[in-house]
Structures are given as C-alpha cells and as structure tokens.
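By written order: A, B, C, D, E and F. Residues from 1 in each chain.
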Amino acid sequence: MKSLSTVETHILKRKIEQFLEEDIRYGDITSTLLENLEVSAKILSKSNGIVCGIQEARIMCDICGVQILFSLNDGDNIQKGLEIMHLSGKLHDLLIMERTLLNIMMRMSSIATTTNEYVKLINQSKNTVKIAATRKTTPGFRLFEKRAVLVGGKGYSDTHRWSLDDMVLIKDTHIAASNRTIPDLVAFAKSQTSFSKKIEIEVQTAKIAILAARSGVDILMFDNMKPSIIKSTIQKIVTELGNQRIPIFEASGNITLENVSEYIESGVDVISTSQITFHPEKSIDISLEIMD
Amino acid sequence: MKSLSTVETHILKRKIEQFLEEDIRYGDITSTLLENLEVSAKILSKSNGIVCGIQEARIMCDICGVQILFSLNDGDNIQKGLEIMHLSGKLHDLLIMERTLLNIMMRMSSIATTTNEYVKLINQSKNTVKIAATRKTTPGFRLFEKRAVLVGGKGYSDTHRWSLDDMVLIKDTHIAASNRTIPDLVAFAKSQTSFSKKIEIEVQTAKIAILAARSGVDILMFDNMKPSIIKSTIQKIVTELGNQRIPIFEASGNITLENVSEYIESGVDVISTSQITFHPEKSIDISLEIMD
Amino acid sequence: MKSLSTVETHILKRKIEQFLEEDIRYGDITSTLLENLEVSAKILSKSNGIVCGIQEARIMCDICGVQILFSLNDGDNIQKGLEIMHLSGKLHDLLIMERTLLNIMMRMSSIATTTNEYVKLINQSKNTVKIAATRKTTPGFRLFEKRAVLVGGKGYSDTHRWSLDDMVLIKDTHIAASNRTIPDLVAFAKSQTSFSKKIEIEVQTAKIAILAARSGVDILMFDNMKPSIIKSTIQKIVTELGNQRIPIFEASGNITLENVSEYIESGVDVISTSQITFHPEKSIDISLEIMD
Amino acid sequence: MKSLSTVETHILKRKIEQFLEEDIRYGDITSTLLENLEVSAKILSKSNGIVCGIQEARIMCDICGVQILFSLNDGDNIQKGLEIMHLSGKLHDLLIMERTLLNIMMRMSSIATTTNEYVKLINQSKNTVKIAATRKTTPGFRLFEKRAVLVGGKGYSDTHRWSLDDMVLIKDTHIAASNRTIPDLVAFAKSQTSFSKKIEIEVQTAKIAILAARSGVDILMFDNMKPSIIKSTIQKIVTELGNQRIPIFEASGNITLENVSEYIESGVDVISTSQITFHPEKSIDISLEIMD
Amino acid sequence: MKSLSTVETHILKRKIEQFLEEDIRYGDITSTLLENLEVSAKILSKSNGIVCGIQEARIMCDICGVQILFSLNDGDNIQKGLEIMHLSGKLHDLLIMERTLLNIMMRMSSIATTTNEYVKLINQSKNTVKIAATRKTTPGFRLFEKRAVLVGGKGYSDTHRWSLDDMVLIKDTHIAASNRTIPDLVAFAKSQTSFSKKIEIEVQTAKIAILAARSGVDILMFDNMKPSIIKSTIQKIVTELGNQRIPIFEASGNITLENVSEYIESGVDVISTSQITFHPEKSIDISLEIMD
Amino acid sequence: MKSLSTVETHILKRKIEQFLEEDIRYGDITSTLLENLEVSAKILSKSNGIVCGIQEARIMCDICGVQILFSLNDGDNIQKGLEIMHLSGKLHDLLIMERTLLNIMMRMSSIATTTNEYVKLINQSKNTVKIAATRKTTPGFRLFEKRAVLVGGKGYSDTHRWSLDDMVLIKDTHIAASNRTIPDLVAFAKSQTSFSKKIEIEVQTAKIAILAARSGVDILMFDNMKPSIIKSTIQKIVTELGNQRIPIFEASGNITLENVSEYIESGVDVISTSQITFHPEKSIDISLEIMD
C-alpha cells in the first residue's frame, strides 16, 4: 500500500470528521468533569493479526490535536499485548476520539486480518491468485473496508468494483432479461460501453463459460461452480483459445477459509468473497489505555 | 417499535440517498444495456431469524420509484426461503438499488437476530433484564445498528448511549484521572451536569460498587465482574439502601450468547454487549430475485 | 465552563464559517476600496454585564487570519467602556468579520447577562437552585444560546434538553392523549424508554404532582403553579416519600426576573424560563473600533 | 409581500429541514409513547400584533405530513386568543414540529409587529418614509428576520443590505483608513465598483454631508445626528443641488419607537434601526393546542 | 442514450438545485414586480445542430413547478427557429429558471453538436471509430459535459475517463519518472492494479508503440503522432501480434474538425479530443420566449 | 484586482476542494505506480494573453501540499513558452492536481484574455467605457468566470449582476407582462424595491429610451440597437435631462470583438457581452511539465 497523496488525506479527513461528529454531538459530558491534563496513551492489541486503520488514526489525531510518539504501520503484524501506537495530548482530546478510533481500527484490522488468512493459503500454494472483495460492504463505510482489503492482502488482494460504474458485470439476471444469446450480448455490451471499461460475465456452467470466452469478454466469473469443474472448463478454454486470448478467470460464491484452497488450485486468477468485508471471519480487538 | 413520524422518515431518507450514491456514482453501466422492462422482484430470506431494515427498504423504494406489493414488517420472524417483500417496477430501478438494499437489510437483520437470541434466553428465565448495545458500532452506520437492536429486542432491548452527550458514564480511566474519592466524584458530577442527564459509574469490585451506590449514582455498571460477585454485591446494596434508593444495575464486559445466562440470573437490570452490533453472532443472508 | 476539546472547536468552526458566509457572499465591496493596512482593533463593551462569545471570537479570528493581543474570558464581568479584546491584523480581515462577530457576542452576552441576573437573586437567597433554559431558542442558533446560559450561570445554570431525544418530558398534551392514569403512564414510559434517559412529568395541580411523585418519575415539573402551592406540594411529597426517594423539582411557566424570587424560595431544584434565551431581559451592546 | 416562486419555496424548505433536525436528532422519545392518533390542532395567538411565519409553517407542515384546514396570511392582524392556523394530522407529526414551528413564528411575528409599530407612526404623519432593518441579525436566521421586516412593514419597510456585497457603504472607519478627501473617496468608489451597485456614505456632520452629496453618492446616511440638524442639512442640500440630483437620505443610530417620530419629520427617506430585528421591542407569544 | 433510472434522476436533481441557487440567492427582485399570471413559454433554437439538456430541463421544470406541454428529446436535430419545448406555468416560476435553463441547454447542445460534427465525418468514411472526450472539462460541470458528448455522438462517442480512478493511463511523465523499461512498467502496472481496470499507455513513437503492444497493454494511445505513422505502426503491430491479441488503438493530441478525417482513416478505434468539451467548435444559441 | 481577505480565501478553498474531488474520487491509480519522489514542475503558457487563476492555483497548492517557488500574478501578460509558475513537491501531489489546475487556469485565462481584447480597443479610443459580463456563465463556475472578467479588464471591466437579487432589470418580457406604461412601471419598481438596489430598464427603441430616462431609472440598457441610434438617443436624453440627471447607459446584444468599436464610440458607459464568459473568443492553452 502506497501512502495517500496530500489531497487524498484531505478528502479522507472530512469523512473522519463526520464519524467523530456522530459520536460527539454536543460534547463528551463525562470528560469535562476532569482536569484537562497532559497525558499519554497506548493503543494496545488484544488479538493476533494484521493492523489496519493507522492512516485513519493519524488523521484523527491531527483533527483532535493529539501527538503520535510511536506508531506501527498499516499492514504490520500484531500480537496480543503489542503496543500499536503511543499517543500524547490533552486528556479530553484523547478520550473524545477513543471510541471512534477503536471502532475504525478494529473493523479495518478484522478485515485486513481475514484477508491475510486467505493470502497465507495462497502463499502456501504455488499459484498466483488474488483475493478480491465484493460490493457487499457496510453502507457509508465502503472506502475503509476496501482499503483494509488492500492492506491485509499485501499485494495479493483486489478491491474489485468500488461502485456500479466501475465495470460491466453481466449476471444471470441480466442475461435472462436481455433476450440475447451470450455472443450477441457480449458484442452489444462492447459496442455500448466506453472502451475504458472492462466487461465481465458471470456463468454457472462450463458450456456457457466457453461460449462467453469465445465472445471475447475481459473477465469470466465462475459463480457457485465446483473447483473441479472450474478447472476443467479453464483447460478447455485455454486449449481452444490459446494463451494470449483467454480472459481473466474469477471464482465467486460461498467461498470461505474452509474451502478456498480448492479454488486456489482450480486455475483461476481471482477469488472473490464477501466474507472478508461483511462478516470478517477473524475479529481483532484493540484498546486504548491512558497512562499516568 | 413504533413507526417513524413523517419528518423522521424524511431525515432518514437523506442518509439512505447517500448510501445509494456511494454505490452508484455515475450510474449502473450494466443495467443500461437492457431494455427497461416493467418487472417484479422477490426479496427472499436465505436464513432463519428476525427481519430488519424493512422501513429503510420502504424509503429506498420510494427514492427509486419502486412499488411494494407485499412486505413483512420489521421484527417479523423469517425462515430460509420465505418471501420478505414483493416489489414491482422498472428493471433498472430494481437493479440499481439491489446491492445497497441487501447490504442494509442483511446487516440490520443480523443484528436484530443476534439481539433476539439474547432475548430468547431472557424469556426462558423469569427475570426482566434488558439487552443493551454499546457505542461499538460501524462509523456512519450507528443509527441503523441501534435501530436494529430495538427491532430485534421486541421490548427487551435498549440502545444505551447514542453518543457521548447522552449520559455521564464514569469509567476507571475517569476515576483514576480525577484525583477524587468515589463519593466526591459522584457529587461533583451531579453538581456539574444538567439535571436532565443520568450519571452512571463503572466499577470492577464489590467494594467500589457499594461506595458508588451509596453516593447516589443513577446507574451502576459491573464491568468484567463474575456473575456470582455481581449477585452478592447487588444483595448487599439492596440490603443497605432499601428497594427504593437503589440504582439501576448494568453488567458489561465480554458477555456473549455462551455466558449471558449467568448474567441474566445475577439480578442486573441491563446487560450490555458489543457482540450484537459489532460482530453479530448470527448472520442473515438475503437475496433479490427478478421475476419474469 | 471548561474549555472545549480540540475536535469540538473544530466542529464549532464549521458552524461559524457558515455564519460568516451568510454575511459575506461574494465579498465586502466596501473594504476592498481601502489599502489593506496592518491595523489593530478594540472590541469595546457599551453595557454592563457578563461577556460571552469569546471562544467563538477566537475561532473567528483564526478563520479570518486575525491575531488576538488581549482578551477577556467567557463569563468575565464587563462595564461600559471596558476593552473586551484587542485584535491585530489586516484591515480587510477585521472589517469583514466585524458584523458577524458582534452579532454573536452581543446575543450571547445578552443571554449570559440575563442568566446571571437570575443567578444573583439565587445567590442572595440561601437556596441552591439552578436556572435552566428551555427549547425556546432561535432556530439554527441553539448551540450558542445554550452555551451562553452555561457561561452566564457560573455553575447555577442548566441547559435543559438540547433536543427532543434528550429526555422524556410528559406534558399535559401527552397525558390527555394517552388514555392512561398517571401511574400507568409513568410505568409505561419507564418500560419503553432507554434506561439511560430520565423521565419528567409536567403537572398543574398538587394532586397530580403527588400521584406522579409516587409513580417514581425522575423529575417533576410544576407548570404555571403558584410558588406557595409548589412549596406546600413539595412538603407533602417529602413527608410521604422521604428524602431519598423524592424526584428533582422544577418550576416553569412565565417566570421572569420580577417574580423569580418567590420561586427560588419555593423549594424547587430547578427553575426554567425561556426569558433568558428568547427575549433576554438584559441587552448588551458591543462595538469594534479600528485603531490607527 | 408577494408569495414565493416554487423554487424559492424549495430552497426555503431545506433551511427549515435543518431547523427541524436541530430539535429532533434521533427522535421525539416522548411522543412515541402515545398512540399515533389522527388529531387536529389550533395555533393560537397569545398577544396582539402582526402574524408572520405562515409561509414557513406551510412548508413545515408539508415536510411533516400535516394538513392545513385554515390559516391566516402573513401580515394579518392578530389578537390574544385568535386562531392563526387549524391543522390536522397524526399526533406525532404535530408534536414533533411544535417547538420549531412556534420558535419561528414567535420570532418572526415579534419582528413583524415591532416593524409595524414604526409604520403606524409613519402613517400618522404625512411623510413617506421607510423603516429599514440593518445587518444586526441572529447568525443563520437573517433570511427569516429580514422577511419578517418586509411582512410587518406592509410596503413601508426595507431589508437594507442582505450581505456585504449588496452595496458600498462607506463608514467613518473607511473614511479614516482611506487617506482621501470625501470627494476623492466617492469618485474612487464609483470607478472601482460595478455600475450595478449603489454607493452610500455615512456622515456625522452637516459639513461632511454636504460635501458627500455634492460628490454624487447615491445614498447619504446621517449617523447619530439630531433630527433638527438632519432637517436643516437636507434643506441646504436640496437648495444647492436641486430636486433632481439629491441623494436618498437615511437616518440611523439609536432610533427607537420613543424617538422615531422626530426622525420621521426630519425629511429623510429611510430610517434604519436594529431594534426591529435584534431585540424586537414587541414580543408575540403563540401556542399550539392539540384538540380531541 | 438510455433514459436515467429514477434514483439517478434524483441525484441529478440535487446538482441542478445548486445551479439554480447560484443564480437566485435571495430571489428574483424583478419578477416579483409583476402579477404572477399563468402563462406559456417557448424554448426556441436560434442555431442548427443537436439539442441536449432536455433531461436536465425536465428536472428543472419539476423543481420549479412548470409543466411541459411539448418537448423534443435529447439528441434531436434542431434548426434555427424550431421550438424545442413548450412550457406552461406561473410567470415567476418560468422567469426564475430561464437563465440557468438556457445556460445548461446552450452549453450541452454546443458540445453535442460539435461531437456530432465529428461523427458525421466518421459516418462519411467506412470506418468504425469512436470520438472520445477527455478530462479537459469545466470544473463542477463534467457530468453534464460528458453526458452531452454521449448524446451528440449517437453511438459513436465515448466519455473516456470520468476521473483519475477510472483507468491506468501511463503518460510520458509517468514513464520518465518510473525508471523502468516499457515492458517492466506495464507488467508492474498489471500486478499492482485491480483486475477490473484497464491499462492504457501513451506513446510518441512507433518503436515505443510496438514495445508497449507486445507488453500486453489494453489500450495504446498515439499521442501527437502523424496519421500516416499511426497507420503504419498499427499495421506492424497487427502483423506481429495477430488480430486477437492487439490492443485498442487511440489517437490523441491537437485533433480538430479540420484534421480529424486523416485520423479516421488511420485505423484507430478511438479518437479523443478536448475540443468537443472545452471550447466546442460549434456554438448553439437558444432563447426562451414568454407567450401571452 | 485587490487580493482576497483571509476568510474569502477560506470560502474559495472549499469550492476548489469540490473540483478536485470531482476528478479524484477514489484516487489516481496511475501515479501510485511510481515512487513518490520530490520533484519540481513548471506551468508553461502555450499561448499569448493574460494569465488568470493564479490565486486559485495558490489555494490548490495549499490543499495539495505543493510549494510555489515562483509565480506570476493574476492579470500578468503571458507569451507562448513563458513560465507561469514553478512548483515543488511530491510527484503524486503534483500529478493529482494537474488536470483540475489546468482546467481552471485555462478557462479563466481565456476569459481574462478575451476581456482584455475588448479593453485594448477601449484604450485605443478616447472613451471611458467598461466591458461587462452577463449571467450567461457555466452553471457552478460563475464565481470564477466573473472574477476572470475583472482580472482581464484591469479596471475597465465589470461583473454586472452576480445573481437575480443584485438589481432590478426590467426586460421586454416584464414590460409586456406588466400592463403598465413605462413611467408607471418604473415608479412602481422604485416603490417596491429596496432603496439599496438600482433599477435598470432594457429598451429597443429611442422613443421608449427617452420615456424611461425621464422616469428616473438608474440604468438604461440599449438592447440590440444600432450604435448610431444609441448615439443619437443619448444625445437627446442629455439635452433634455441635463448632465446631472442622466442614467448610466449600457449597450447589449450580439456585441463581439468585430463590432464593439462602434459601440465604444456610441457614448455608452457600459458594454455588456456574454462572449467573454460563455464562448471566449480567445483561447489560452497551458501545460504542466514535471522536471527531473
């Protein structure tokens, strides 16, 4: 993950301000009971995994007037008990951001860690597959969830579509509603869509897959197909079309840490799963501790 | 759950518009390839549980120009295969809202269902406890997550604080930073806080709990204490203060479906857990199916 | 009044920017006729009272690039002719913020001063009553008006509800519409409302007041009742319920500086009046003077 | 007052929504305790004066789903006890808008009524003077306060500048900072300012007034000058320049209902005072009553 | 051009409201001098070309309460004197939207017409080339300018990138800054970018073009190259790589109506030019005429 | 052009942030492929004319974290090849702002240069006329287009109305709809409009012009009238009314660089044309070049 440019940080800052306002409204009526002392604080991991949300925490500290004395980086490994950041500032400034900071870091780290679990399995194989997110994200928080997928993937993950205008993705619903044959539909999509966009098609059978590949789609998504059938289908397509003309192959549909290894071996280029963003299988707990 | 007033629906509508925009940006470049036929669509449950997000779906249908021919209500039981809503409208209008609709309904239903699991255990006991959420929510989505807790709880759930200005909640950090004795700190909080706000204190030992109860706090939170110790502490407090002067008792800290029954029996009035909102233990899957 | 945390200042800044934009639109077409010299300016009081809006002025100076060489603090006493702030900066920067700055300070200081007049009468008595605002505020400016009440009250004032979700406040309209007895209605409210919220009831007679107190409401509001009747009602309630179980007592309804002393003596804990925010009885005039 | 065009109503609606949100936040937790019955409601005057805010109330009823069965119009006379509007709708919809509706109507009606008091004095004289507001308004609420001035004035009032870009208004501060003679400064202002804008100058003495009039300003403001001196100064200017070339004459500075009559007789065209908007001398009380 | 889905219209409406507010601010102070009669109005073309902005006009009429009695469609041919729309409504509603309506329609129609001029030349040839816009658009108005390109192109135009996240487009600056060979850079881009995005490279010489094509880029942009050289380069690439593996070819750089025909014959698939959006070579004038 | 006050810069900054976000969305996916080196960059003119948008570029550099080592000022003359600004910063920060920066500067410079062409013709004559823009601007970008007119005019240009509330401008449509004589309509406008606003009337014939001038309008607009007729009409009016009582004279309607000289000689004070903002006759090309 490259760091953000200055203006991207600026844009992110405004979203984080909104998150802070959601929690603060008219103010923290508990912290104002205390003297506003200068203190330091530790952000501590209570789980093992991959940390994410550091960049967001940096922006939040900037908004809240808090100094960062030490910090891990996004994507670093964490263990239970490890110090993630060491902060310094006014007590009120630290306490008022605590909950929002932890909510962001815990959710992003859970996603990054889950993504990384998939990547570990890839690394154990000899294949070069990528793990991709889907658009199954929490409304209003997609930007952060997709970013956590990138951080956790360490080069083996993919955001997939950020939004509906990112790619043509023809699903069974579209095929059914189109009254066209697969070759016709693909040709029509190519003629109607900007040359800057890719065209992907979702298939449920080997037969349709081969038809679609012949039609020249950019990406072929095997939806809820068995790894063995995916494997044999890819072989048929490669045999027929040759190495240069084949589409990118994506597997999707109920893929979890339990069964992903079979898909890794199936020959696809990309495996997409909503598990990593919607109900991350690994959960990271993080706490903030004020020091005297 | 009472239905929203007209202006509250109006306010909610604006948030939902933002969620739609996040997914749509410059438009759905796949659906525009199809004829924009009048179709109908079913929203189907793929899990057993409690449905939530119906109200949000109604607002989304209003924004997207889709008619609702049939609908369950928020809080209704669902089983795998059950039709939740039956919609009618233009194909593009249905497809463009599909992902955002399902993301909202699935997350809200997962929270409502998990909350309801806790409530089932309460109903099996003879106690009148409430299950409360915490502020551990997804940034930007708290309104929806807290509402799902209410829907799923069916009268036995509680939103707890929406934000930091909702109540004084004195935690160990505050006590440590205050340089005051518990009675002093409670008295100080009472004198400094609006009479319209309650004052809660978080305690880790029976001794501090009794001190705090004597000081006249409105709510006493037993944080990470064993149910048996909570039980005996409550008995001591009731004995000393009498039934009329006792605070509301809340248990909190690592409470899950596994161990909640012991807390239900401990004599507390409220059990709070972030499990129901942050990583809901039950996950509800929902799909949208276009009909010919 | 404690100072704001950094992020609260940040949030306030955005509201103040909107106020400045309301007055500036496409720019100050008079000041641009002048050389943009470095000058200093005095903010001078033209009345006696309590100054408020200093914090807002600090934020405005930050937005407008103006230095503060000297400043009183919120809540300080002012007399006619006293210098409140001494500023330094470019002539245009000072002139463009002048009107908005004075509008904020004058209105906030008028409210703070009026609140303080009530507090002076409290201090003359031996009672510990608080003066509370109501929700009768200028739309869009409530945050500032409530804050001025706190500043002027110097520990003897209260913001009351910031908004409709801050407390249950059962008024005669609600009682009439509920078709329930007072005890039933209070019990129902307790069962339906988050444990984190207080329940207040507004009563017009001693009889209803006693019924409501028995029902365990958190706060009892005597609405438009004579101080003598309030006094005797409180005595009856204390006699019946004992010191520990009694609610907080609030008096409300047409209370002004003329008649507030009688209410101070009535035994209530809180006196609420919209006089302090909606038509403050004391008016503070403030001017800005450019120095050569 | 002409009625607003459709799009202006649309723009106003958004501001009013913000006012409603300020009061509602997460909802009216008291009204939800009641059955949501269909009821009617009366808006009743508790004072004598001029009603204003009807248009805003219409928009608010539209937002809140409330029907208007009867309504007075902006600018109508009201007496204590008179019904201003008769509304019909769901109980929650009426109760949730009550406070914001009354806050707007009471403040606007107070301003309209105060403005009208000035106009009554004008009508008693044989002069055709207009009463103008200033920029001394409540931040964020200027649009409504200026509109109330127009409603109350019934053809004899003027909004004056809405913002700093509406007119060049050269005050003593500008003159002092400019290092130019009056004629030079006026000529310079004319050359630097769009031909679409008027140029006004504020003067404190007869001598400067005459100099400024000769320089061809569009408007001459007599600031804190005695009516008798204003009168004689105007006569000198008219004598020197003739009827056709004279500027518009405005009187300003500490003008109240007490002393305005002298200014009405002084020969000026416009009298401006912040009394009508900032601390309206007349205060209108209005209530909402739910009917069975 | 397919029509927009309901929610897309909804999103567009908010942008158009902002445009209207820019022109209206506190209201049309001229039209309020007139009786607000029911009138009709004609929108008339004063030029020959392609009309665009009809959809925006429909939304604006909806915002402003104006009925549409007759309307052409986006993309229809217009001639000087032709009626484009026939409207009916209140005089104020029509006059207040006039300028913004015409500004949108005139700019969009100028772009659509210019785009169509290029398409006419394509249609005269036997080639199937598309005319694409660039990101050289008016800040804040890109959505409308890109849409006009689509309308005017009638199937032969392309929006190109809407924003920087739409595609990887490697320009000479990037190549120079990368310290990599072309094949390395393309391989690196493929490994670092989501599989859902295309990779385009800009080349200035035949030699680099061939290198890049071999590297497997999705699109090859000939930047400021002579049509004859483009033609021979394409032939070499096709010969070497065969029909199936060749990239999409785009020509760009100082292409105008004067010289575009040579590029149409060069064998490229796409010709991009900022002429159609930034300084459209054809200008369409449109007026609104109120009818008695 | 005077420089902006601090708060005006602040307001402008927010608009420019929106422009940047339009182009960036989720980020520049090409630049992140490069090392984020410290580089410098030149902004170079590719045309001769007047530069404008420097102030906007300064704000954009501030947002994007880019240093300015050298810069021309708004209004400076530029020639092909001249360096306008010299920037220094991170490569990503420079590349991400490049397109938006150039889009703003090119459009503003084209407008400034075109305006200046008119002014050159004025300077060649002995007349003191001003060139004014109209409200024919790009929706959402008016602020920048009007500012460019001021920069390019160097004291001889005028923004004319920023919006509909800036002046009463009675056009033929209004006259026709009013059912009043010219003198009646002007008198009515004066009585209904704030004294702070000017009243202009648009006339098509000498006869109406003279009627209107007699009625005391502030500005008389000769709409689509021949310069010779304008000249003779002005003479008649001056003769009749004398030098002191005459209105400001404005010529408008299809005035271009071709025919403006005749209007300059006609005796008018202001010439307004939408050519300078809507389709600027001179087009300025500017590029950004990264230096090693």
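Everything below uses one rule, namely that contacts are C-beta pairs under 8 Å (C-beta built on N, C-alpha and C of every residue); 3 or more make two chains touch, one makes a residue touch a chain.
Just so it is clear, the model here is predicted, and its values are computed rather than measured.
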Legend entry - Third chains touching both subunit D and subunit C: B, F
Inset, instruction - Just give me the whole-number Å value for how far the CA centre of subunit C lies from that of subunit F. - result: 47
Legend entry - Intercentroid distance (Cα basis), subunit D paired with subunit A, Å: 55
Inset, instruction - Any chance you could list the residues of subunit F touching two or more other chains? - result: 24-28, 31-32, 96, 162, 165, 167, 192, 194, 197
Legend entry - Chains that touch, pairwise: A-B, A-C, A-E, A-F, B-C, B-D, B-E, C-D, C-F, D-E, D-F, E-F
Legend entry - Residues on subunit F engaged by subunit C in the complex (per definition of touch): 2-8, 10-11, 143, 162
Inset, instruction - Sort out for me which residues of subunit E touch subunit A in the complex. - result: 130, 132, 155, 158-162, 165-167, 191-192, 194-198, 200, 219, 242, 244-245, 248, 250, 269-270
Legend entry - Interface residues, subunit E side, partner subunit F - complex: 15, 18-19, 22-35, 37, 39, 91, 95-96, 99-100, 102-104, 106-107, 110, 135-142, 144, 162-165, 167-171, 173-174, 176-179, 185, 188-189, 192-194, 197, 278-280, 283, 290, 292
Inset, instruction - Spell out the residues on subunit F that touch subunit A in their complex, using ranges where they run on. - result: 17, 20-21, 24, 26-28, 31-32, 36, 63-66, 90, 92-93, 96-97
